[in-house]
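Just so it is clear, A, B, C and D label the chains in written order, and each chain counts residues from 1 on its own.
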Amino acid sequence: MNFLSEEQIMWRDSVERFVDQEIGREYIRKCDVNRQHPDEAYQKIAKMGWLKLMFPPEVGGDGVSVFDYAIMCEMLSKYGVDFGVAIMLPTFTAMNIARHGTPEQRKQYLDPFFEGKIRFAVSISEPNAGSDAANTQTRAERVGDEYVVNGQKLWCSGAGLKNTVIVMLVRTEKTEDKRKGLSVLLIPNTTPGLDIRSLPTLARRSVSTTEIFLDNVRIPASQMLGKPGDGWKIIGGEHLLLERVCAAAGYMGSAQGAVTDALNYAHQRVQFGQPIFEFQVLRHMLADMQTQVDAARLLTYRAADMASKGLPCGKEVAMAKLFASETLQTVSRNGMQIMGGHGMLPDADMERHFREGMQATVGGGTSQVQRTMIAQAMRIK
Amino acid sequence: MNFLSEEQIMWRDSVERFVDQEIGREYIRKCDVNRQHPDEAYQKIAKMGWLKLMFPPEVGGDGVSVFDYAIMCEMLSKYGVDFGVAIMLPTFTAMNIARHGTPEQRKQYLDPFFEGKIRFAVSISEPNAGSDAANTQTRAERVGDEYVVNGQKLWCSGAGLKNTVIVMLVRTEKTEDKRKGLSVLLIPNTTPGLDIRSLPTLARRSVSTTEIFLDNVRIPASQMLGKPGDGWKIIGGEHLLLERVCAAAGYMGSAQGAVTDALNYAHQRVQFGQPIFEFQVLRHMLADMQTQVDAARLLTYRAADMASKGLPCGKEVAMAKLFASETLQTVSRNGMQIMGGHGMLPDADMERHFREGMQATVGGGTSQVQRTMIAQAMRIK
Amino acid sequence: MNFLTEEQIMWRDSVERFVDQEIGREYIRKCDVNRQHPDEAYQKIVKMGWMKLLFPTEVGGDGMSAFDYAIMVEMLSKYGVDFGVAITLPTFTAMNIAHHGTPEQQKQYLEPFFRGDIRFSVSISEPNAGSDAANTQTRAERVGDEYVVNGQKLWCSGAGLKNTVIVMLVRTEKTEDKRKGLSVLLIPNTTPGLDIRSLPTLARRSVSTTEIFLDNVRIPASQMLGKPGDGWKIIGGEHLLLERVCAAAGYMGSAQGAVTDALNYAHQRVQFGQPIFEFQVLRHMLADMQTQVDAARLLTYRAADMASKGLPCGKEVAMAKLFASETLQTVSRNGMQIMGGHGMLPDADMERHFREGMQATVGGGTSQVQRTMIAQAMRLK
Amino acid sequence: MNFLTEEQIMWRDSVERFVDQEIGREYIRKCDVNRQHPDEAYQKIVKMGWMKLLFPTEVGGDGMSAFDYAIMVEMLSKYGVDFGVAITLPTFTAMNIAHHGTPEQQKQYLEPFFRGDIRFSVSISEPNAGSDAANTQTRAERVGDEYVVNGQKLWCSGAGLKNTVIVMLVRTEKTEDKRKGLSVLLIPNTTPGLDIRSLPTLARRSVSTTEIFLDNVRIPASQMLGKPGDGWKIIGGEHLLLERVCAAAGYMGSAQGAVTDALNYAHQRVQFGQPIFEFQVLRHMLADMQTQVDAARLLTYRAADMASKGLPCGKEVAMAKLFASETLQTVSRNGMQIMGGHGMLPDADMERHFREGMQATVGGGTSQVQRTMIAQAMRLK
């Protein structure tokens, strides 16, 4: 009972069943421990046809709503939000191609994407452009029919995976207003001049986060998404909204997984002759955890519902992202506290939630950035 | 956009308009400052016909859902939850009469209640029976056609108001299981032998909290609600569920009022040459406050929706009560911090929210009691 | 064992004994409930000779260290920080006269102050000058041998008590840098043209907070403290440091009182057949509360020790004030939660701590102001 | 200025200098990343003679106070508490040999320990005996001149390092009161029948946590520490107190390192044209972090001082451990938030503090265990 329709509840159940029966927590854990992309699972999901769910029918998609897609993200993230991200990350970029691409670009990229043959990674951050994305300094110069790209990118998730096209924010012009003069290029990750290095990050291990060095990387001008100068609009617009709704769903789904695991542990673990669930402080801690997850779920569903209906919802989406990520961080920390030493081992799965919970409040716009956006919407005109 | 229907949004707006135009924040403040019951407002609401909204048509009510009623409670509490309580408190007891009363009792009490001519107060707690209500020791002995009641009651809100009937939990029998042997009597507050004293409480000032001493109070046996021994069932059942949903709605509506006031103040108050909203720590504090209120709203609406549909929702109601009361406490405290010295004065209305926020996590089942119930529901069978 | 010497421990004990035997919690409660200045207690303390403890021997004082004085404040605040403030507030101003006064001013004011014949009150804030004290707009114009003062002051504690001289920050000159052009005048509160009104504040009830309207108030030029333009230096200097150390001591002493009361209640209150101390969540809550108070005590003693030795300690004093005030707020809120309905009544003394705890993080420099000062000290040079 | 003497301040500085010049943060980071014991550093510290600091002069030690030793632990933990543990862990066990060992045992073990030739590891926990250590089930049966040990141990830090003797809590008798019947054996980790496996834990990577399987491990009866049945007294007594004081010191020293790093980063990192320290929310976050660390430092010094003087200090030690571990967890989490993506990489050192901060509130007695002990001391007699 969370304001879902019958169909949505069935859809939610069927995704959960799929995750439990076709993928399993051991597989997701192994990908994390080995810093290995969940490619087998990705291909299974491609076979289910879920990669094209959210795309408009005109480009071959199913036209599923953001809300329903977010429900999928919730359940895919049950055993870890990084797994959910591995599956959904390319979609947001592909959506950008569906929206802003030329007919040729769509033809070139979308069908292969739906079939699982190519993937996308989005590359925005740089050493000096984190929250301040407009400060992008990687330079793309037009030389004849090509762009020549030089610079350095950071925190690009999934850029090094096979068959991947990097969708990169670059500066094509120096402008007063730094947000102008930015453009987006589609760069296959095998293009000469690219040097992509995996980073030994605390979290986001199966997707893999990279830094990218670009040394005279040459890209045909036809591989620009949108027009020169459209970069900020493409990257900062609906794309981000969608990504944040789904991120919130992933954090929340993962938080629920953490609470469920902690609860089961509390019932099974016996100390001083009784399950530790019988200790009042742990029992109340679990009650608070589940209450917080339920609140995160409702905030996320509200945001997803509004996004699906095309209503203005920047504030509500920021609230969902803020609250769900902080919830994942809090409940996974409490989960670690409940599981004690056992939680420290990968087998218990909680330390993964704990590491990813720290990533959650930082990645995709920090909690501070979300609060800034919410406060902006609360500004009295 | 909070999963409300068009009709619910209109209903919500119309209650808010009524509060702003017909009652006003000055009136509500004055009642609190003077520890005076909002009788004029109560009668206006009786005239609107809102006292009978939630009652089944069979007894002359409108059969409005709990959800819609909770929406009314939310908006009535906009300027203070104590005002909302003053209006709605008698309703829960009247609902008990509608449910458990004899045809005579219904006839005697319901119509006059709908017309605003009589009110109800519910009396459960005793000096040694707080969270542990089953420990009730006030004794009612059957003597002929009457019950003779002796003992002491505590924390009885509204017992001293004029035209009030106290619905009291009493012990009619000593039993092994303390929850058996309890019964409910309808006791007009002018009955000889009653000594009702107002307490100088920190909050709940307009409703007024009392202690009651009973010295050979004689009540006709026909004024028992239900049968002897039904007390625990009547008081602890659906009654409490309903009361908690509405309490959650009131806390949440009041929390929203507090955030709105703090936000307006932050925009108007100038220090160091700029509105204090421009200070990032205050702006982010406000963003967190509004996010928390939105989460409380959604948890409350979910609980109200489930209660309306007759679904099992003990856990969800406890979550709503817990989260909404803690939210009111937190946002009112932050509101005080934002308003500084100005918040200390009754005119700013924030110190009222602050005092009532402390009452919120204690009254109607403490936060600890709510967590115990949630944890109980999380017990794996 | 808190790094106190034997002598300090004895001093601490003797102040506590004095408070318990000569003053008592009932008296302090009564002053708060009735918004009445604790004049009897004040005169008893005068008789003990404690008014002059902190003053240098040259002006007739005892030359006691700030550390030992803070220990006195801690214990005087045991039953409420507002009582401690009522006793110690005039001292900080008198210290300013000892530091900055002319021989005539010292003669006129100090001996009578030591004898309890006159008191002081300090007046800084204005409607548009709260945290931004440099924005003072109350104007004092030199006319012949007098200053003529016009304007409005706010939040002036104790200004309306009998035999009180207000030490007021006024603007004697309009300057580019707003902090220049401020001066300090000594204004007996019976001077014609003063209109002093008590405010119905949530806390600080026995000291009484006032607003002051000044309409052509005429003060001899000889009643200026320091030279014209010295105002910021006098008010913002050592005076504030000393006041904040003592405020921290008061908050901490009061917080200890609140924890002790909550602990005793938890042992005496029986529910479900056992003292509620046996409930693990309450027991752990009390453990956290006492730990926080102990941390506050140590931070305060450190600051007091450094201040006594004349070491630079702006950061340490801000930490003590921040942490002690937040501690009082937190432990009194938890104390209310533990005491339930009983805590709502003045007799339980906890609601007083709770109201004063809210005042604590706002008055004397808000928590935000303290954090700003600490961060300032953390700036890399 | 933290109530340290001149000598203590000099000692503190000299340890810090040693860590910075002779060990360095890169070395400590490398040990963590590679799950490698810091043996080179350990031997350097042996050469300094610091292994015997704490030991009584009668057994060849320097008779240093627990306070001064805790100061060393604070500084050794500057770049990570796990490093401090690697150095100091064997000492607590060696101290047990000094206290409870026979002259032969002291001769056999202490001199080699001071020379760095052998190390100790303490083994208490089992799969079903975590917080409930009395539930120890590993069985040692007396057979002739030997004990034959069977069972399984868990969370034994450092058991697998070379030249290590495991000091193990075993059950030599089945008794009604489970705490009786426990004894302590000294078991060289090369003894046949031992199977020691390193665990892939989230934290404590350089010390390495192990599980131990014992299959008919035969130990001469002369290798029992104390008498049969002394186990609980030896393990649960002074040993734990000392270990907790030092643990608190390590957490606190490490927390200070984390705050310092976060502060430096905030000054260097430029976004939106200014160091992020200029953003008020981050500046205030840092102010809170430093305040909390200072409070943790003072609570730790107080506990260390009392322990040094032989005063009863179970409550104060539990407070120090609780508050310091929670502080490390909180400030490292905030440090991660401040450093954003950069914090996710081992090079930034913050993710190490973050992982170890989670270990801190769990290991050496969880926060819940500490609160239970504090509350126990708050019980009214």
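The rule is short, and it goes like this: a residue touches a chain if its C-beta (ideal position, glycine included) is under 8 Å from a C-beta of that chain, and two chains touch if they have at least 3 such contacts.
Just so it is clear, the model here is predicted, and its values are computed rather than measured.
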> Taking each chain's centre as the mean of its Cα atoms, which chain lies farthest from chain C?
Replying inline: A
>> Per the definition at the top, count C-beta pairs in contact and tell me whether B-D or B-C has more.
In response: B-C
>> Suppose each chain is reduced to the average of its Cα coordinates; what separation in Å results between chain B and chain D?
In response: 52
> If you average the Cα atoms of chain A and of chain B to get two centres, how far apart are those centres in Å?
Replying inline: 43
>> Averaging over Cα atoms per chain, report the distance between chain B and chain C in Å.
In response: 38
> Listing for chain D: what residues touch at least two other chains?
Replying inline: 279-281, 284, 368, 371
> Among the residues of chain B, which are close enough to touch at least two other chains?
Replying inline: 279-281, 284, 368, 371
>> With touch defined as at the start, can you tell me which chain D residues reach chain B in the complex?
In response: 279-281, 284
>> Which residues of chain A touch chain D once you look at their complex with the stated criterion?
In response: 33, 125, 128, 130-132, 135, 154-155, 199-204, 209, 270-272, 279, 281-282, 329, 333, 336-337, 340-341, 343-346, 351, 354-355, 358-359, 361-363, 366-368, 371
> Which chain A residues qualify as touching chain B in the complex?
Replying inline: 1-3, 263-264, 267, 277, 280, 283-284, 286-288, 290-291, 294-296, 298-299, 302, 305-306, 311, 313, 316, 319, 322-323, 368, 370-372, 374-375, 378-380
>> Considering only the defined contacts, which chain D positions touch chain C in the complex?
In response: 1-3, 263-264, 267, 277, 280, 283-284, 286-288, 290-291, 294-296, 298-299, 301-302, 305-306, 311, 313, 316, 319, 322-323, 368, 370-372, 374-375, 378-380
> What residues of chain A sit close enough to touch chain C in their complex?
Replying inline: 279-281, 284
